[in-house]
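The structure that follows is given in the form of structure tokens.
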Amino acid sequence: MEDVLIRPLEKVDLRDPILVEGLPGVGNVGKLAADYLRDQLHAKPLATIYSKFFPPQVYVSESGIVRLVSNDLAYWKAPASAAHDLLILGGDFQGISPEGQYEITEQVLRYCAGLGVREVYTLAGFAQGRVIEEPRVLGAATLPARVDAMKRFGVHFSRNDPGGGLIGASGLFLGLGRLFGMEGVCLMGETSGYFVDPRSAEAVLKVLAKVLGVAVDFTALEAKAKEIDRIAQKIHEAEQRTTEGPSGSPPASREDLGYIG
Amino acid sequence: MEDVLIRPLEKVDLRDPILVEGLPGVGNVGKLAADYLRDQLHAKPLATIYSKFFPPQVYVSESGIVRLVSNDLAYWKAPASAAHDLLILGGDFQGISPEGQYEITEQVLRYCAGLGVREVYTLAGFAQGRVIEEPRVLGAATLPARVDAMKRFGVHFSRNDPGGGLIGASGLFLGLGRLFGMEGVCLMGETSGYFVDPRSAEAVLKVLAKVLGVAVDFTALEAKAKEIDRIAQKIHEAEQRTTEGPSGSPPASREDLGYIG
Amino acid sequence: MEDVLIRPLEKVDLRDPILVEGLPGVGNVGKLAADYLRDQLHAKPLATIYSKFFPPQVYVSESGIVRLVSNDLAYWKAPASAAHDLLILGGDFQGISPEGQYEITEQVLRYCAGLGVREVYTLAGFAQGRVIEEPRVLGAATLPARVDAMKRFGVHFSRNDPGGGLIGASGLFLGLGRLFGMEGVCLMGETSGYFVDPRSAEAVLKVLAKVLGVAVDFTALEAKAKEIDRIAQKIHEAEQRTTEGPSGSPPASREDLGYIG
Amino acid sequence: MEDVLIRPLEKVDLRDPILVEGLPGVGNVGKLAADYLRDQLHAKPLATIYSKFFPPQVYVSESGIVRLVSNDLAYWKAPASAAHDLLILGGDFQGISPEGQYEITEQVLRYCAGLGVREVYTLAGFAQGRVIEEPRVLGAATLPARVDAMKRFGVHFSRNDPGGGLIGASGLFLGLGRLFGMEGVCLMGETSGYFVDPRSAEAVLKVLAKVLGVAVDFTALEAKAKEIDRIAQKIHEAEQRTTEGPSGSPPASREDLGYIG
């Protein structure tokens, strides 16, 4: 079979579209942000992406229906006054081998280039290894002018973070994107790296919404963030009790936190 | 060499054939069921499937004859009154890499599509991690109508099982099958996951036989199930004795149970 | 680059040639036997086989000259009275991935088929996990008639050995060879599996020489076998001393045995 | 995407160019030497090499600009009196799989063959597993005449080093280079294998500069070597204090040494 199979669901004409990428990764920040944006904008499915570089797996819905794991492109037609329509890339997995990462990214970029994309925003989490109260948004970009522009939106560019560079889709869409003549920015929300982190996703998406000039209602994402806070707090208290003495009640299971994507 | 090599042994015309897949996996349930169905129906060999995604291995028969590991398609011509002939896929291995799983599944599906297949039943085991007295048959399907139809045959559709989806051939034949316009069902027999499980295979095959409207004599499969029960019981007793005290006789080796496929 | 690169060194016409394969493996038995046969017959280099499925490595000779790791085909023109010329395949490595094993074997077989090969003998070691005083030669073949023929040369065909089949080149050359219309035999010398085993190689080669009707002088191979025996004996004595008491002298290093190919 | 993507930045005519390869490896000796040579000669970028056999990674500069990991060819036009221009290959990584090593090396060699390269020098470190005060330069070559020539430049050819041959790009560029009609030499600087080793790189580059007849100012490389010496000395002293008694001050972290490439 072909390495990557892109199945268009519809034919659309897009106005100078911008690609937003958010796939599973650290704290699931990128995926949470991209999925939330897609939902809020009621973006429409454009293409499904299958690949032998994804796991050989189907998901089964609660009603028993199978679905082959995939990535998915959705599009959003901006109001007539805006300069750019949007393409939003989300999905179940990144490619599960280095070679697969390259193949999938390259072919999605080729497809997007055919749709007129010249600009890419990639969304990701940046693991700090400690609890983050107020997640900052860190950035990396393909051009100095973009760095300057992002700074005006409050994005931090740090000499040392990310130290070893970016590994995975969020870096590759920028790095390979340049070979297709695309420029772009990676927005990374600080996160502990321990939990899925809707608060970090919110921070990232707030910046992106401002940059793109789209209105996003954050109510549902904030609710999700509070739910995670509540569970984390419960775990923390339980651990405190356990640490304090033998008379403490048994700790709540860390399992409760699950992986709420 | 080609990634997957399908060597037809015969040219046949099949009437709207249904594909039944049962390859090695959890409890060997799928393979036991598919092989038993093939034997009972005296299905005839149709094609041998070799692949560089199988292990580089030959089997040696008791008389010293080598045979390259493979998957195999057999066909069964149904009586004139029936609507569907059958294709049964069995074999020695599933593809040994994720990429190999996709390649083999895709090419077998392509070949089957050429034979007119539009419907697929995949057979598998579902590991419960505990002894199962009366294995239920769990299901997943490509369409809600199929879910409803299977429920009428006593198949269980559970909100939580299988939680993470299906990994391997039984899921992939449904997921990729849809790209070939095929619909289908996965039937999973509950099993402990510790032994090969002919009893679970029997449960699965009883459902399938009813669904397909074919008559199957289960005597031999029940004999195999009883043999496994007897060995498991012996091991259990030996373990009991060992646990009860130092005077107990040495436990029977778990090895006795082998992997009776 | 191409997966497998076969570089012919010479153009020859061979009379109904038989392929003998002996690559590194258990006890290095197959390689020792094939290399010794090539040397004794003064077989001439015919082709060098490079592949990206070998390690990315060059060997450096004592005089400092590099050589890319490879497999190598040599040919031997039999006397006019004989029915078959010989092709002998040896080399530094087997393919280092399952896929690589298939690719290399298939392309070497294709090349040999072009030279007229219809018969293959593969040479290997069979690890028994214990010291073998008088190694028997075990067999496996593609046809019952070949099993019978080999039995007349003293080859053993055991119901249980090799239990799980043959993994690697010696099995694959037979299994894939059949797809090229070739028949053949695998000769396996029993060996402990701990050392390189020239004595086992000698046992295998003695059978093969009789089967092929070629005269081989075993003096040098026996000398090598005695050298290994001597070292193994020294190690054994040292281990005995160490086990017997604290006054024993320090044991000779097992390292002395090296890997004398 | 293509396995290896070579993007020329400029079109040049080179006079019988010699390829010098120095990629990351043991002690980073090869890369340090090649990068230093490129800087000293003010060699110009000729082509960027991307590959799906590199990690799926971008580096981020201190100013926040991303760059896809790559290898890079630079060229140096020698004075009119000299016989050879130079091509210098450096980069971030070697291929991360055996197959990737072969693919990248083969395609870079093919490209270089198109530029007229018939001669290759590969630079590497040779790990001795102990502190090396005065690193010797060991050699390996494709032809006896080259061995003799290198001996006249003080290169050591040892019967036993490198024992198992050369693994990775420095060996492969010679081994595969021969298939393109290229001859060459590998120069290996002795190094402990524990640190990046500019002193070993200096030893290698001094030989190479003499061989190629180019003038190189070693001041900056010597400064780097002294810095490493200073840090290593500090660590050594700290470890001594720790070993000598419980009253010793806490040891300096080995981390200080970092990986100064």
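In this document, chain identifiers A, B, C and D correspond to the written order of the chains, with residue numbering beginning at 1 in each.
One rule holds in what follows: a contact is a pair of C-beta atoms (placed from the backbone, for glycine too) under 8 Å apart; a residue touches a chain by one contact, two chains touch by 3 or more.
This structure is a prediction, so every number in the text was calculated from the model and none was measured.
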Among the remaining chains, which ones contact both chain A and chain D? none
Same-site or different-site touching of chain A by its copy chain B, using the half cut: different
Among the chains, which one keeps its Cα centre farthest from the Cα centre of chain C? A
Angle, in degrees to the nearest 5, of the Cα rotation that carries chain B onto chain C: 90
Distance between chain A and chain B based on Cα centroids, please, to the nearest Å. 38
Just the number, please: Cα centre separation of chain B and chain D in whole Å. 54
Chain B residues touching 2+ other chains are none
Can you name every chain pair that touches? A-B, A-D, B-C, C-D
Touching chain B in the complex, chain A uses residues 1, 5, 7, 50, 52-60, 62-69, 96-97, 100
Any idea which chain C residues touch chain B in the complex? 95, 98-99, 101-103, 105-107, 139-144, 147, 157, 159, 162, 164-169, 171-172, 174-176, 178-179, 186
